[in-house]
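Heads up, the next two complexes both have chain A, just with different partners, chain B and then chain C.
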Partner chain A sequence: MAAAGGEELDSDDGSEELVLTPLQLIRSLEQAWLNEKFAPELLESKPEIIECVVEQLDHMEANLKRAKKGDLKVSVHRMEIERIRYVLSSYLRCRLVKIEKFFPHVLEKEKSRAKGEPSILSPEEFAFAKEYMANTETYLKNVALKHMPPNLQKVALLKSVPKPNLDSFVFLRVLKRQENILVEPETDEQREYTIDLEEGSQHLIRYKTIAPLVASGAVQLI
Partner chain B sequence: MEPAEAEFLAEKELVTIVPSFSMDRVHLIGGDLGPFNPGLPVEVPVWLAISLKQRQKCRLIPPEWMDVEKLEEIRDQERKEDTFTPMPSPYYMELTKLLLNYASDNIPKADEIRTLVKDTWDTRMAKLRLSADSFVRQQEAHAKLDNLTLMEINTIGTFLTQALDHMYKLRTNLQPSGSAESQDF
Partner chain C sequence: HCCLLRNQRCIVAYLYDRLLRIRALRWEYGSILPNAIQFHMAAEEVEWFNRYKKSLATYMRSVGGEEGLDLTQDIKPPKSLYIEVRCLRDYGEFEIDDGTTVLLKKNSQHFLPRWKCEQLIRQGVLEHILS
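Entry: the complex of A and B
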């Protein structure tokens, strides 16, 4: 059961080719999982990572089917597969929870996305979000709205559904050194100040300031 | 994050085992392990070590820091300092629990070790509660928590961030700006 070699991933515009070893792939999945878990908003979708992980799991499953039963090696491989599957499922479930929670804002963000910007929804997630929105609208209409006076029959979902709170505090670990990160004051008496984020250090800070660092992989939420 | 999830991450740490079986190299997705030969120590991730130990296929060797003298030093150091001292492993709590639960027969003076680790944990949690309290009171905007382990952060993390959120909402609603719609949160 030889390990698969390096995977080739094309980024969206096809200008870069990333070659990740399977170990790096699993690490990226775990990173994406933790970031998604602790970020208050829905993060960029990572279709390349998911696709490659599913490919690796399928490949390994196929190998295991052919191997002889009762072999100790088979159970070791199975345990690893289950662990990876857990992280993948938890990651996808976390995203679905956020999509359901913030559906009008997520769809709005996707609609107003500039051409070169990465998408926050995979095609399947996008279809799910649209369906969820349509179902919610139909439900509200049938249960209450159609019984209201005609001028009150609309609900502005974008205004009624709470937005993700980007000002929440998050814990993070620094992966790549960053300089001059602005810390905004909490009270009127305080002044704003800048800090440097040393590699390997851990911090508690508002999400808004460091959101771009999470997207770029310079910090890891914990 | 659930404590079980912090444990899940801790299970990736490597630990030395002495297998009682033989098996050639295993090519896992996450890397190669082995080969396994009876009597020869080999490093494997904790999740595999625990599983093999449960099937009575190996003996676990405690990590070098899981030793009474070392832990006494660490505990005393932690009690002396006001700030957090670096821990021998970023997963010291999870590894102690896992190894002592499943392999206490392989670890000399297991009970003493358990008590020492618990004492160190208690001291650190007390410091954490104090510093979280002062963070909230002084309405700090940023804190550096270098020597804290994941399990410790996880224990107060959710509560602290939610509490800070609530306080932020209450504060911003006091200001007469009126720009925040009541249903923004």
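Entry: the complex of A and C
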């Protein structure tokens, strides 16, 4: 990354002091973005990355304001800011689309989450999801359901709204070598088997099989 | 009883599909819908739309630092800093970042920063010229 982003950044993680260079930060943003784009379900929320990237963008904008006008570097830095902003926006938009698409399931998953498990929704996303659900429920009730006979006045949203298809196939690249990944049979004639994932290899596989590996960062969806 | 359930499902599906289209309108047109479209919406749908855009605005404001991050911008990856645009109708004066103002008159062509034009292109005031 060019001169404006040469300093190191402290991540506001709370539990641990993580010092990421801007390059690493943008790399992890891009990784999160690609994973979110290609995964069929909503992935873990990454508030630390988002916060750091926003800080970084503000920092770069401030630098640019102070720079001399007509300096060639200004254009290059501005282009960089635009690109980073695009990736961040695209990542957040992708998440919002998934939240809206699977809203009952997302809220249910968050409700039934165990204490130690990481959250898939940031607090703001959670508020957005709840408002979306309440809004839609109120609308359906007022427009149609209250006019229906009493035993039909509720719609089971969890059953009606389709669940994310975890069996869809995804492309991935292996970042850390994995051994003995259990692949479940698709049809009755096949039997389950295990495979080893070599570092650097690329595969086309059912999302369900490798979902935990995406969460741990062992593979990258492409 | 099965018929009743099926009818309920059909009605809810139709209504929900309309909601999804209205949601798409917010992302395409912005906060204010053209009158022609508003004419086709029921009162409850307008209410849903208003609540949705408020919810979305709250979320966007919470995301990026002080002013928030407008997620309806930057829909496509940026290809270049400045773009050639033609003005489709009279808009008036338009100020760019370095303080200079541009007069947007119908059929005038300008070479402007991309991020400033995105909103106006979506509203139909400017047209991106691809050479």
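In the analysis below, the second predicted complex is superposed on the first by the 206 of 222 C-alpha atoms of A that agree within 3 Å, B and C clash if a C-alpha of one lies under 4 Å from a C-alpha of the other, contacts with A are read in each partner's own complex, and residues count from 1 in each chain.
Throughout what follows, contacts are C-beta pairs under 8 Å (C-beta built on N, C-alpha and C of every residue); 3 or more make two chains touch, one makes a residue touch a chain.
What you see is a predicted model; the values in this text were computed from it and never measured.
J.: Under the superposition described at the top, does placing chain B and chain C together on chain A give a clash or a fit?
T.: fit
J.: After the superposition on A, what does A:Pro162 contact: first (chain B), second (chain C), both or neither?
T.: Touch status of A:Pro162: first partner only.
J.: In the overlaid three-chain picture, which partner chain does A:Tyr132 touch, first (chain B) or second (chain C), both, or neither?
T.: second
J.: I'd like to know which partner A:Ile195 touches here: chain B for first, chain C for second, both or neither.
T.: Only chain B is touched by A:Ile195; chain C is not.
J.: Would you sort A:Ile222 into first (chain B), second (chain C), both or neither based on which partner it touches?
T.: A:Ile222: touches chain B, not chain C.
J.: First (chain B), second (chain C), both or neither: which does A:Leu88 touch?
T.: Second partner only, chain C.
J.: Once the shared chain is lined up, is A:Glu124 touching chain B (first), chain C (second), both, or neither of them?
T.: second
J.: Kindly classify A:Met79 by the partners it touches after superposition: chain B alone (first), chain C alone (second), both, or neither?
T.: Both chain B and chain C are touched by A:Met79.
J.: With both complexes placed on chain A, how many Å separate the closest C-alpha atoms of chain B and chain C?
T.: Nearest C-alpha pair, chain B versus chain C: 7 Å apart.
J.: Does any part of chain A touch chain B in one structure and chain C in the other, and if so which residues?
T.: The overlap between the chain B and chain C interfaces on chain A comprises residues 57, 75, 79, 83, 86, 160.
J.: Spell out the residues on chain B that touch chain A in their complex, using ranges where they run on.
T.: On the chain B side, the touching residues are 1, 8-9, 21, 23, 26-33, 47-48, 51, 57, 135, 139-146, 148, 150, 153, 157, 160-161, 164-165, 168, 181, 183-185.
J.: Going by the contact rule at the top, pick out the chain A residues touching chain B in the complex.
T.: 1-4, 22-23, 26, 30, 37-38, 56-57, 60, 72-73, 75-77, 79-81, 83-84, 86, 159-160, 162-163, 165, 167-171, 183-187, 190, 195, 200-206, 222
J.: Residues of chain C touching chain A in their complex?
T.: Its residues touching chain A are 4-5, 8-9, 11-12, 15-16, 19, 23, 42, 44-45, 47-48, 51-52, 55-56, 58-59, 62-65, 69, 71, 73-74, 76-78, 81, 98, 114-115.
J.: Can you name the residues of chain A that touch chain C in the complex?
T.: Residue positions touching the partner: 50, 54-55, 57-58, 69, 75, 78-79, 82-83, 85-86, 88-90, 92-93, 96, 100, 124-125, 127-128, 131-132, 135-136, 138-140, 142-145, 148-149, 152, 155, 160.
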